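Heads up, the thing below is written out as structure tokens.
Each chain carries a letter (A, B, C and D) given by its place in the written order, and its residues are counted from 1.
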Amino acid sequence: MEFRFEHAQVVHSVRAERDGESFRVRIGERTYLIDLVRAAGGELVFRLGDQVLTAYVARDGDAFHIALNSQSFRLSLAKPSARRKAAESGAASLSASMHGQVVRVLVSEGEMVKRGQPLVILEAMKMEIRVTAPHDGRVVRLLCSAGDVVQRAQPLLELAEV
Amino acid sequence: MEFRFEHAQVVHSVRAERDGESFRVRIGERTYLIDLVRAAGGELVFRLGDQVLTAYVARDGDAFHIALNSQSFRLSLAKPSARRKAAESGAASLSASMHGQVVRVLVSEGEMVKRGQPLVILEAMKMEIRVTAPHDGRVVRLLCSAGDVVQRAQPLLELAEV
Amino acid sequence: MFKRVLIANRGEIAVRIIRACRELGIETVVVYSEADAGSLAVQLADRAVLIGSAPPSDSYLRADRIVEAARQTHCQAVHPGFGFLSENAAFAQMVRDAGLTFVGPSPEAIRAMGLKTEALARVRAAGVPTLPSYAGNGLQEDFLRAAEQLGYPLLVKAAAGGGGKGMRVVRNSAELPEALEASSREAGKAFADNRLFLERYIESARHIEVQILADQHGNMVHLFERECSIQRRHQKIIEESPSPYLESRPELRDAMCQAALRAAQSVSYTNAGTVEFIVDAHTGEFFFLEMNTRLQVEHPVTEAIADVDLVQLQLRIAAGEPLPFRQADLYQRGHAIECRIYAEDPANNFLPSTGDLLCVVPPSAPNIRVDSGVRAGDSITIHYDPMIAKLIAHARTRPEAIRRLDAALAAYVILGVTTNIAFLRDVLAHPDFQRGETTTTLIERAFAAWQPPSPPLPDAVLIAAALSQLLQSGAPALNAAPAQSDPFSPWSRPDNFRVGA
Amino acid sequence: MFKRVLIANRGEIAVRIIRACRELGIETVVVYSEADAGSLAVQLADRAVLIGSAPPSDSYLRADRIVEAARQTHCQAVHPGFGFLSENAAFAQMVRDAGLTFVGPSPEAIRAMGLKTEALARVRAAGVPTLPSYAGNGLQEDFLRAAEQLGYPLLVKAAAGGGGKGMRVVRNSAELPEALEASSREAGKAFADNRLFLERYIESARHIEVQILADQHGNMVHLFERECSIQRRHQKIIEESPSPYLESRPELRDAMCQAALRAAQSVSYTNAGTVEFIVDAHTGEFFFLEMNTRLQVEHPVTEAIADVDLVQLQLRIAAGEPLPFRQADLYQRGHAIECRIYAEDPANNFLPSTGDLLCVVPPSAPNIRVDSGVRAGDSITIHYDPMIAKLIAHARTRPEAIRRLDAALAAYVILGVTTNIAFLRDVLAHPDFQRGETTTTLIERAFAAWQPPSPPLPDAVLIAAALSQLLQSGAPALNAAPAQSDPFSPWSRPDNFRVGA
């Protein structure tokens, strides 16, 4: 399922889905594997690697009030009308969301890909992170290969809109 | 609505109903007018005259664990005598197999049904569960309606063999 | 001891009094306004009596209805808490005339200390230093003339008031007329008495007060000081004991405590009271400000360092019991700090933030005390003080108490209204506060342009939002349904109850 | 100070240590078993590492996995809490060998005090009185012969043990063989060491212990005594400080505190420890029982009366800091009482009551501390100690502390398992307890036939049951839905999550 949350005038797209007993959450190009520990009384406890996080979530209409680590945030459910604008045309590079290692490259240069299609699999903090196509397009250039250690924000490949 | 609670081998019959913004509760020959002050988190706060009472209620299957004024009590839902009698005269109640919500009631009181015929559709755990007639019979009494949230083992309707 | 006591108050202090009564085996009756029908105080009291609509003028200030409620419910005493009618001599007299005991000083003592001008004359006669001041007759010309004599800056204060209401700093003669008018209006509204007076204003001041207790048998003790210099707009927000200023000045502490006792004796004071002083941080001079003839909001810090229960002692004294200790038995041990958590926006002139408390999770830790009268589901309304809770940390030393308080503030979850928690944490972290250099101007001096932190949005927050949406939309279960259940979650059913909210 | 500490424990003490670390700015890593995946400790810690399945032998007793977890998470120190590996010298050594700091005494001190026979020899040499006893070699004949010399009644105890495990009172020679066998079995299971010894048993005994603290710079202080005479089956259930027995015997208190310091010095003790004594209530003689080389369950009563944070002090000492006070700075003020709330059935031989905690509402009041590791939705399982919480009341005087504790017990709501709350309230109300005549046999003497109160069913309970059914079946709303919501109530949705529960 895809959710769009607005915070401080910025819309964040979040894809979340079940994956066995866990949840797979994708934010931009970052993928998290989440184990739900507890969900009761507005309290949401989940595990991310060896970190167990506690968030308090309260709904007020379309607004989400969320407290995490001594800070509170106010998000709102973005209106469907605020649907993501298509990325600027031309090729854009997809980058690693965190320091990690390239496990597999699933596409080759020149290949046509569909929005959401996995392109590269990174491993970081013991999680597999799937870098997926943000839109339909063509792989213009591959900038990494399996086994590479990549830095956060390092470009992995270039994808052109078609 | 009439409820029958068993406590220490004694069955207590309690009639409770809305009366405007209040509740009228009759226990034996005693009638109480109750104002509900707060109901959240298992905590039930109600006014009875100028007394405001706080009860904590937790369900465990058919059992009610209730704390009131530093004491706790364990009650259980007694089978309604009407139903029990009905059972003797050949009617048996069909119960919800799990906690869920009644999506549709497909039959009406008095209706003749065939074995295997769907009677009620529940939704639980994102699944539709069809409660079907275990035998040919007649719907003696409907005990739920669409939208109700029902507990596991809560009777949904009474079906008499014919 | 009383069998049943009526509590003529609301919120956290009503809850506090109920708990004290419960430990003493006293039944409680609380009065409440329509807005408070679902309040924690109403829930906890043995009985609750509705006395009017939300505006205090129709409920918590209705002395007649409160006394009538006490009579009808066969109470023997009335505890006024603080605020509302707690310093209203006429109310104390009405309670007495109805044959009930007022848990507080005599109407005479309240009246004497309530009229600031009379109070100043009395304590001055008892040898307690007071600030140069002028008690006006209402004529602006006279105030202006007196102001020139006193010199600027000066304070305009309500003759009948307390708690910062009707109080204004005036820095030159041009500001005075408007200040007089505004203060007069506020005083009239808050105390039904619009008389004012002027007083010398000390720029680098510490607000230090002394808690006293006196029984009806002539015994009187002090319970040391509280420093309440951290104020915003003349409202205390952080209070502590011992005072960091007095820690290195034991003779000054002693002089102030003795002065407090003399002030209280000057009106034959009984029960709990607080003598407030202003201390010139440069000279070490101290001056009587006023005596609060009631329990203080900040009483828990004294309870923590002196191992006393002031509310229980108030009840014992009112019931005629002698003080259970003498001055020599009392001590001031460790360090306690209280901060007041408000629904307000410190970045926007401390404007109250009304709304629903969607989620409230108070901290829980050793030597952390939370006094609160609200919980999730309650509302912060325009009718009452927007205080959510008082958080009190007690430790062996001041640095430990600060760390403890900060950890508790960090753990306090309040969603739905803007609070001053981040602000309080920044005040605690301020070098002046850490060093104990706490003058009354710290907030306006160092925090005038304060802005809340605006951390970047962590992915974990988006994850939480997404999970909550996902769970709510009904994904398949991981496990079978646990046996426990919350049959009353307002989320779970279409029928949500919130009566009188 | 450490940057990150691993907590090798679970439940309330893990939570307690996490909170202490948080105040000190230390990051926490907690290890946990599969049964504790959803526990409060796991939730509160900064990181959590799964180390095995529910049985302690596969998780909390797996020293290897714990040390490995500490290494992998880059912890600098390991806090063992109490129970489990806290008094295991080999574990302390392993921690040390891994280059980490063990928050506790040296392995040598643990070993010396852990072997009861060696401990007795050491402290005897240091001039600390000990009970006539016999350290067995495992042969039943020798035990029987020694028993005749010591005289009955006597105690069979585990040489390696503590906490009442493997302990038995034997009143005549006929009972001895079976007692030896059973204790040996228990000791083997609990401590992996089935050696036993015999000790003179005092019928009218008080259990009084002294808390000590020693840094790595040769400074050592005591923090006065705790009386723990209220026990059931050799398990403490109510602890207090000061001891009512010692209140009128200041010289005895002093002698015991000095003896405790000597005992600790005899093994060059560092960090927090407790020297347990048995006192003959008739003669006033006291005897060393054992030294617990770790934090005690009942440490909060000392924290309350001495204004210290023992867990934080443990961490400071382990980090090499000197004690922040000398003996003369320490005091024992007011009175504190702790009681342990267990999921157990006092009317049925204190059998643990396993099950789900359907509803848990801890009390909240001034000077009430609740240390708990569980909340609603958690389960009490067969795997671990069924303690739900420790409730600690602090007041100026013992009678006030008792009243406060009783009021807090009365307000504690726990549904789903049988608890000892009603039992504890009856113990507090017992005339012997009220008078402070608290010997170790009070429970078996006065409460052997204790039955829980079975009050008649109030109509209000039936009303509550009916209302809850009515609300649940979906009656029309009184008011519009409030804004606040509980999206995760397990009641609200068919998809209930309880992972690893």
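Going forward, a contact is a pair of C-beta atoms (placed from the backbone, for glycine too) under 8 Å apart; a residue touches a chain by one contact, two chains touch by 3 or more.
This is a predicted model, so every value here is computed, not measured.
Student: What chains touch subunit A and also subunit B?
Tutor: Both subunit A and subunit B are touched by C, D, going by the contact rule given at the top.
Student: Per the definition at the top, count C-beta pairs in contact and tell me whether B-C or B-D has more.
Tutor: Higher contact count goes to B-D.
Student: What is the distance, in whole Å, between the centres of subunit B and subunit C, each centre taken as the mean of its C-alpha atoms?
Tutor: Once rounded, the distance between the two centres reads 48 Å.
Student: Taking the mean of the CA coordinates per chain, how far is subunit A from subunit D in Å?
Tutor: 46
Student: Need the CA-centroid distance for the pair subunit C / subunit D, whole Å please.
Tutor: A distance of 38 Å separates the two centres.
Student: Which subunit D residues sit where two or more other chains touch them?
Tutor: In subunit D, residues 356, 358-359, 376-377, 410-411, 416, 468, 471-472, 474-476, 478, 483-490, 494-495, 497-499 touch at least two other chains, as defined above.
Student: Which residues does subunit B have that touch at least 2 chains other than itself?
Tutor: In subunit B, the residues touching two or more other chains are 21, 36, 39-44, 57-60, 98-99, 125-126, 147, 149.
Student: Give the list of subunit B residues in touch with subunit D in this complex.
Tutor: Against subunit D, the touching part of subunit B is residues 1, 3, 5, 7-8, 10, 12, 14-18, 21, 23, 25, 27, 30, 32, 34, 36, 39-44, 46, 48, 53, 55-60, 64-73, 75, 77, 98-101, 123-126, 147-149, 151.
Student: Can you list the subunit C residues touching subunit A in their complex?
Tutor: Result: residues 356, 358-359, 361, 376, 410-411, 413-416, 453-455, 457-471, 473, 475-476, 478, 486 of subunit C touch subunit A.
Student: Inside the complex, what are the residues of subunit B that reach subunit C?
Tutor: Contact set of subunit B toward subunit C: 21, 35-45, 47, 50-52, 54, 57-61, 98-99, 125-127, 147, 149, 152.
Student: Could you list, by residue number, the parts of subunit C that touch subunit B in their complex?
Tutor: Contact set of subunit C toward subunit B: 29, 37-38, 42-49, 73, 376-377, 474-477, 481, 483-490, 492-494, 497-500.
Student: Can you list the residues on subunit C that touch subunit D in the complex?
Tutor: Within the complex, subunit C contacts subunit D at residues 16, 19, 22-25, 300, 303, 307-309, 312, 324-325, 331, 333-334, 356-359, 362, 364-367, 369-371, 376-377, 394-397, 400, 403-404, 407, 410-411, 416, 468, 471-472, 474-499, 501.
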